[in-house]
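Got a structure for you, written out below as structure tokens; questions coming shortly.
When the chains are written out, they are named A, B and C in that same order, and each has its own residue count from 1.
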Amino acid sequence: MGIKIENVFFTYQKKTSNSTLALDDISFAINDNDFVAIVGETGSGKSTLAQTFNALLIPDKGQVVVDDYIVSYKNRKNRKVKNLRKHIGLVFQFPEYQLFEETVEKDVAFGVKNFGAKQEEALQKAHEALNKVGLDESYYKRPPFELSGGERRKVAIAGILAIDPDILVFDEPTVGFDPSSAKDLMNMICDFHKNGKTIIVITHDMDLVRRYANKVFMMEKGKLVFEGTPSELFMHVRNYDRLDLPQVIKLALALKEKGMDIDISKIRHSDDLIEEIKKWRAE
Amino acid sequence: MHAIMPSMSKLEIKNLSFSYDQEHLVIDDISFAVEKGSFVCLLGHNGSGKSTLAKLIVGLLDKKGGQIFFDGEEMDKKTIKKLQTKTALVFQNPDNQFIGSTVEDDIAFGLENRQFPHDKMQEEINLFADSVNMLDYLKKEPISLSGGQKQRVALAGALILRPEILILDEATSMLDPKGKSTVRKVIDRIHKENPELTIISITHDIDETLLADKVYILSHGKLVGSGEPQEILRDRKMLLSLKLEQPFIYRFEKKLADMGINSRAETIEQLAEDIWASR
Amino acid sequence: MASMTFGRYTFKETYVHHLDARNKIFLMILFMVGIFFQFHLWSTSLILSGLYIIVLIAIMIISKINFFQLFKSLAGMWMFIIILMAIYIFIPNNNYYLPTAFSIGSLQVKWDAFCQSGYIVMRLVLMLALTMVLTSTTKPMDMTYAFEWYMTPLKVVRFPAHEIAMTLSIALRFIPTLLDETERIMKAQASRGVDFNHGGLFKRFGAVIALIIPLFVSALERSEELANAMIVRGYDPRAKRTRYRLLRFSWRDIIAFLLIGGLFAGIIVLFVFDKKDNPLDLVNIISSWFGYNVVGF
């Protein structure tokens, strides 16, 4: 399932002196089974945009189309909107703060039940989702508040996963995690992608973009300023001081400056650069 | 009766142990010493006991075993209040340590607790707010500040108490790249402008450790490695076994070494130089 | 959700803004008490009320109050006012012998009814407006300080004035943060199918639980971290502390005190002279200054 964003505008606190234009004529498309990264500084509108995907926020102008659902001002009173959230799951920053049930399995089942499933079916889906995030049976009956921060985050993700949406949106999934746990989490998200889901990750982490995304959208002050592949982004962003390039790219750019003939768009991993250096040495 | 050791270390930890319940040891027989004026990094994965160690050093938790010495003086029930004034701790969550309703109120909080004279407060506050580049924000409320700004205010609030040891408990881990960068720059500047100040930075971000004089590696409550970052972080096997990732530069150097290019660079630029020079 | 702007502190530099919070609270109470004095003749009450209203309007103009906001909140109370008037008009009380305004069938509507209910409404409006002046011109922190200052004498009986004031000021500091958090939790739960706006009683109740429990848990964790941060910076509620923010009286406070205090004193004096058998007839007194004589009011 894909998403079409068409000329979307959104303003916070309209009609007050504090009103801010958060989304300024955004248009782009995300295709089925894409792994998309949305990047930009804090305040550029990334989170605001994500919230229009599942109708938490309604655009003032323009529309967001997800499968049959249209999120727009005209359609704002449509109560079927709730069903949209069955197909597109949004995982916020620090999602561990949304847990509230007495046990882990109940909390994960909560979302499934909200969309109509009965108790047994919901629990079953919950168990499946928990297994997918690496939490085994020993966790099912434990109270969520007993778990560590990392485990709680996995429970929260399982809670969205259990609903089995076609599209998963993650807002800064690895913030606060140490590099090893971050890697585990991203590998997990990669698995979801391999299983056919469309993945959208909002992030500041350029290494994440480099390693996992096949498409990148960059936002700045509410506008879309870049659309393309990660490699293209790194070439484009080189002149911006604002996003921190992955170190392998920085190294490649430094070598290129010295005169090495490197095609930056081919560099996704350290090994790609090693290959390029080997080639260069052979000349 | 407490012991006065003829030690030159600013902070000395000996056989320290701690657990929250009676079963699982969160800190397991740790010993190390930190020299005055040094910048030390405590590296470890989540759950390795880093934050607990920080709380033990400042006396927020009571140790179960071992000793802590400040300038040779042991920390116990009698000396704890006095020794606590030598330390300052900046926590991870920018919101949960911002007490005042504005920047200046928050920075003033520590001074108020110390019964600092009122007429000298404004000057001190301005001085320290300026040292973290927040002088223009004195009247701002925390809700209008970014994470990085709040952490800088926390730093000012800690430094204004003129601590001898500054402990940073993952002070940048919840910040975005811009916030991380501004806070790191401020910490770097503080370190350079205050050679007498001992800084202990607790982190899981390996790139932050490259600035330190010494690195201690914690894993499951034990100290498993220590040394200068340049040496210790080149040991990839050890880092991997501790679920830590090697800094990119050292990782790449290993790959280059496999190709016959030898480099001991510490920055990207140096690395590029070394590679170019090998042609 | 966070746009509750009625009575919120406005960042202006008016005379009233610069008054000491402690003084403002005291004068506000004086003013309010003065409103409640009732005189035997409606005409007298009317004139004095008019005086109060003029003074209050003057204060409001000086403090640059947003009149529009005030009217909006009053408009919200129209139903209450109508019910109040209806009670006075239609429920018989001891005013049978008083002059009638008009009749509807067998029901006699008295002037007195209008006067009584009107008087209550007027008092209500004045109090509302006065409170609005106080909260718009005084920073919450300063009000907390004033509160602590007034409660300090109670320390003698071990009343924890300081602790309460500290708790209050931290609570105030966290209100915007908690509001943001509430919004975030609502959005997170909505994303997993919770509907806060529709549904029967049970569903709505479940929705509220999914909001309140995370809020509580987060608040508890937050308070533990906060307590640690405070301890580490040397906080001891029982120890002596100096203060960065101090409230100071100024010449503005003295003038305000004299004016409002004088007004209050004047009301008391008039009240003393207002006796049942010799009611204070201000209309006559004032008009006699101008050489007129008004009869039969």
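Here, contacts are C-beta pairs under 8 Å (C-beta built on N, C-alpha and C of every residue); 3 or more make two chains touch, one makes a residue touch a chain.
These figures come from a predicted structure and were not determined experimentally.
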| item | value |
| --- | --- |
| Selected interface, A-B versus A-C, where C-beta contact pairs are more numerous | A-B |
| Maximum centroid distance from chain B, chain identifier (CA atoms) | C |
| Interchain centroid distance [CA atoms averaged], chain A/chain C, Å | 48 |
| Inter-chain centre distance, chain A versus chain B - centres from mean C-alpha coordinates, in Å | 31 |
| Junction residues of chain B - those touching two or more other chains | none |
| Residues of chain C defined as touching chain A within the complex | 3, 181, 184-185, 187-195, 198, 209-210, 213-214, 217-218 |
| Chain B-facing residues of chain A, complex | 41-42, 148-150, 175-181, 183, 204, 242-244, 247-248, 250-251, 254-255, 257-260, 270-271, 273-274, 277-278, 280-281 |
| Chain C residues touching chain B - in the complex, by the definition given at the top | 140-141, 169-170, 172-173, 176-177, 180, 222, 225-226, 228-236, 239-246 |
| In the complex, chain B residues that touch chain A | 45-47, 92, 146, 173-174, 176-178, 181, 204-206, 243-245, 248-249, 251-252, 255-256, 259, 261, 268-269, 271-272, 275-276, 278-279 |
| Of all residues in chain A, those that touch chain C in their complex | 13, 16, 51, 54, 56, 79, 82, 85-86, 89-92, 95, 97-100, 110-111, 113-115, 145, 159-160, 163 |
